[in-house]
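The letters A, B and C name the chains in turn, as written, and every chain counts its residues from 1.
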Amino acid sequence: MSIASKTRLTAGTARLITLSSTMPWAFAMLFLLCLPFVFQTSSALTIMNQMAITIVFALSYNMLLGQGGMLSFGHAVYMGLGGFFAMHVMNMVEDGLWLPLPLLPIVGGLFGLLFAFIIGSFSTRRAGTVFAMISLGVGELIAACSVILVVFFGGEEGISGDRTMGPPVFGYEFLSQQEVYYLTVFWLLLATLLMYLFSRTPIGRIANAVRDNEERAEFLGYSQRNVRWISFCASGFFAGVAGSLFAINFEILTEENLNLATSGSILLVTFIGGVGFFVGPIIGAIVFTFLQTVLGLHTELWALYLGILFVGCVMFFPSGFAGLIAMHRRPLALGKLNLLFKPYLKVALPAITSVLSLAAILEILFHKRHGYGGDHEMVLYGISFDSTGYHALVMAAAIAAVSLFLVFRLLPEIRAAWDNANHAEAQA
Amino acid sequence: MALFLVNVLDGFVTGLLLFMLCSGLTLIFSMMGVLNFAHASFYMLGAYFAYQISLVTGFWAGLLIAPLIVGVIGALVERYGLRRVHKYGHVPELIFTFGLALLIEETIQFFWGKSQLPFSEPAALDFAAFSIAGNAFPAYKVFMIAVAMGIFLTLLYILTKTRIGMTIQAALSYPETVQNLGHNVPLVFMCVFGVGTAMAGLAGVIAGPVLGVFPGMAVQLGSIVFVTIVIGGLGSLWGALVASLIIGWMQTFATAYNVTAEQVLTAMGFTKPELIWDHPLQDLWTLTLPQLGPILPYLLMIIVLVLRPQGLMGNRES
Amino acid sequence: MSVPAIELRNLEKSFGLAKIIQGVNLQIAKGERHAVIGPNGAGKSTLFNLITGRFAPTSGGVFLHGEDVTGMKPFEINRRGLSRSFQITNIFPNMTVFENIRCGLLWTMGYRYSFWHMIGRQQDVTEKAEEILAQINLTQRRNELAGTLAYAEQRALEIGITIAGGADIILLDEPCAGMSHSETDLIVDLIRNVTEDKTLLIVEHDMGVIFDLADKISVLVYGEVIESSTPDVVRASAKVKEAYLGASLEEEAV
């Protein structure tokens, strides 16, 4: 037994960098480098940049919520302040300060860290509800200040800048969207790697310990407050990096970058993705940005759908999308994942139909109520019809009822398949 | 002096209104350990329901029915939502109520749209109750004070004189003992949540005509409510009352007196720079007290937290 | 006489009107295995909480190796070489057994708040953690979540976390509570093993364990130490018998 543990020991620690640990990173890098060759339009690049920024922001948020057990309602403050300072520095570069653009995120990050240090000094004394309320109050305070302190925050118009005024880096001046994309992706990978490594340091692990049992950690020599404070500062730094990337990409920052709505949406992003997993916020950021930009184009009700998704997520799958994926690790390990394919495929069609038809009911009701100026014609899923009558509504309701019925009838089958796939054979 | 008196009354109205929200929030928090982030959303629901009912029956029926509906919705939320999330702990509960707040706001926009609704005080109360040196004080505000005081006194009576009140009080001081009291705890929780949200709904009904009925009304008041109970001390009813009144008066007086930083700075002997619009200290010179009004509660919260982390009258640390 | 490892001077603690600890004076020498016994509600756990900084005393002082630690926070006291276990199992249920032990090691091995070490690559921590796992017989459970262990294993893990940091004063709060006879024997052997050359202060209800382990025994009744001596003296003491019997009779009467 002791020999077995010895071998495991050496296998785990002898080689500094293993192939299996670098593979995902190399793959991610390659994937991100190739993406612009597939999606070449400017709007696609903007969406991808937006996703990258949200990923960094969400990962920094999860350093608090997922790893440190701190629920913040004011995390936008650190991204926003980092962004505002980065923007001011960008304008100083325009006036002659020497700073290549790719280094700007460090500046924003340091300001994020500074403010996290100051605010964390009193907000990290307690976790849980008290921390959450203080974060909310501080968030509101800074957002309200942004309207008053016009010199710094630029009032309602915000402040803007020009990223192309810095010294060229290897001949690049960041005029094109593509160049900005590669700059953003560079920082996305670097920040993600650093945050990943942070979770593997002594302080990263102790942050988990304090999250799970703060009292026990205190009796092991750790001040729970200091542990939270350090995590908070690190999180503030990466939020500031995200803010700088925002400044570089959009060249404008407003009160909106600081306010409660932004803080709330990053909570939503992170939670939907899955707080218990490092990749959770990444998934959440991609899904959220996609819904926001693509769904937002097609329906006014996207925020309602997002709210339903969020509340449903908290109630029914609190480990988020990443948790749903991770649930399949055991069937995979048992080599029984294939047992789930058929039932999943069977339920997919009625499930999608029921979601779409339920959404259709909402859309038709909304159109009936708020149809503009006698505009009764409505186009839904490529079908054009009159929303005044009840035909369309009844039809949608009927489809919803039938498809939901089918879904519920298939549930026992799925459950059985699931149990089967998770059940190792005797002596297996 | 007369203006001062009017402001004292106005601030009192605001403070009592805040307290109607804070008391429900505190009761729920103390008993269940849940900070109901959606509390202000129930306040908003109250206002919208009352508006919708008032279209059919007039103001007074709305005043009675709307809070009841809100309370029932609150109880259902506790029964089928919160109780489900409870097993994951207090932070997920808080996240759940946060999601609920988002959902309620979106739902309200779904039904009533984004613009402000024309909800006004009943004609019977649309007159000046009295006037102080020419400043008329509307009868509706007297009515608001009466309702809020009525709620407050009822609450006080229930908490100090009835059996269920004693149970609740015991739970306030010693949260872990509530399980041992032999009451049907889940039912008590559901009722407390229902009553708390109904009180928020009632506050919404009476505040609607004064503060306006629009989808942002929950956000507008929500953060202030949370800040108030943090200042007062989480879980302390008296703390909530004191903090509500302080914030009510602070905000009223800040908006009523247009003291500018320029006046203060000039009085202190500084001279105003000529080209103020490009000056780095421009904000310092153009600052006015009404501008500062909205951020005063947050500043107060930070000061209180630094000096007394458990809040003004809180005794519990977390 | 050399400086005692733990010294309590006129220690008092009241909760509201209830005086739980009323003037305890106690000296525990370095390397001694000292047990505290007493009827339920005598204040044993409160005494532990006072020594370890979980509660601040109402009056009086706590000294570790002659240093006044009264009113210090738990982590400050822990850094001065005192570690404790809890009556109700207090571990990190969502971490693996190995990680639980590692958390106990990090501070004293000098990693503190480090964010520049990769924890998986610190050979010294890993080796030490494996060593402790072997000591508490949990090597085979190494990669399981601590929350999924059997009760007795969790208790052993708790002791493992407690001793991991190499503290020279160990406080164990009812380590054998709720265990079967065979499990108790194993735990007692384990305790004897891991507290070699250390100062041990233990609260326990199982008298077999106490008389087996302890060099000295203090009897706490209603917040006062009525006897503090060797097991033989305590066993023979009329005062102890009276107090103990009286208290247990009262208990039965209730």
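Everything that follows uses one rule, which is that contacts are C-beta pairs under 8 Å (C-beta built on N, C-alpha and C of every residue); 3 or more make two chains touch, one makes a residue touch a chain.
Since the model is a prediction, treat every value here as computed from it, not as a measurement.
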Margin query: Using the touch definition from the top, how many steps at minimum link chain B to chain C?
Written below: 2
Checklist line | Most centrally placed chain, judged by C-alpha centres | finding: A
Check: Going by the average position of its CA atoms, which chain sits the greatest distance from chain B?
Finding: C
Next item on the list: Could you please state the distance in Å, as a whole number, between where the Cα atoms of chain B are centred and where those of chain C are centred?
Entry: 48
Notebook entry, point to check: Per the centroid of Cα atoms for each chain, what is the distance between chain A and chain B, given in Å?
Noted result: 32
Check: Quick one: chain A and chain C, Cα centre-to-centre, how many Å?
Finding: 44
Note to self: Residues of chain C that contact two or more other chains, please.
What the structure shows: none
Notebook entry, point to check: Among the residues of chain A, which are close enough to touch at least two other chains?
Noted result: none
Item checked: chain B - residues contacting chain A, complex -> 29, 33, 35, 81, 84-85, 88, 90-92, 94-96, 98-100, 102-103, 106-107, 109-111, 113, 219, 223, 226-227, 229-230, 234, 280, 282-283, 286-287, 291-292, 294-295, 297-299, 301-302, 305-306, 309, 317-318
Margin query: Per the contact definition, I'd like the list of chain A residues that touch chain C in the complex.
Written below: 1-2, 5, 9, 12-13, 16, 197-198, 200-206, 208-209, 212-213, 215-224, 226-227, 230, 234
Notebook entry, point to check: Which positions of chain A touch chain B when the two form their complex?
Noted result: 69, 71, 73, 122-123, 125-126, 128-130, 132-134, 136-138, 140-141, 144-145, 148-152, 260, 264, 267-268, 271, 301, 303-304, 306-308, 310-311, 314-315, 318, 362, 365-366, 369-370
Check: Can you list the residues on chain C that touch chain A in the complex?
Finding: 52, 54, 73-75, 78-79, 83-84, 86, 90-95, 99, 102-104, 106-108, 111-121, 123, 126-127, 130, 134, 139-140, 142, 161, 165
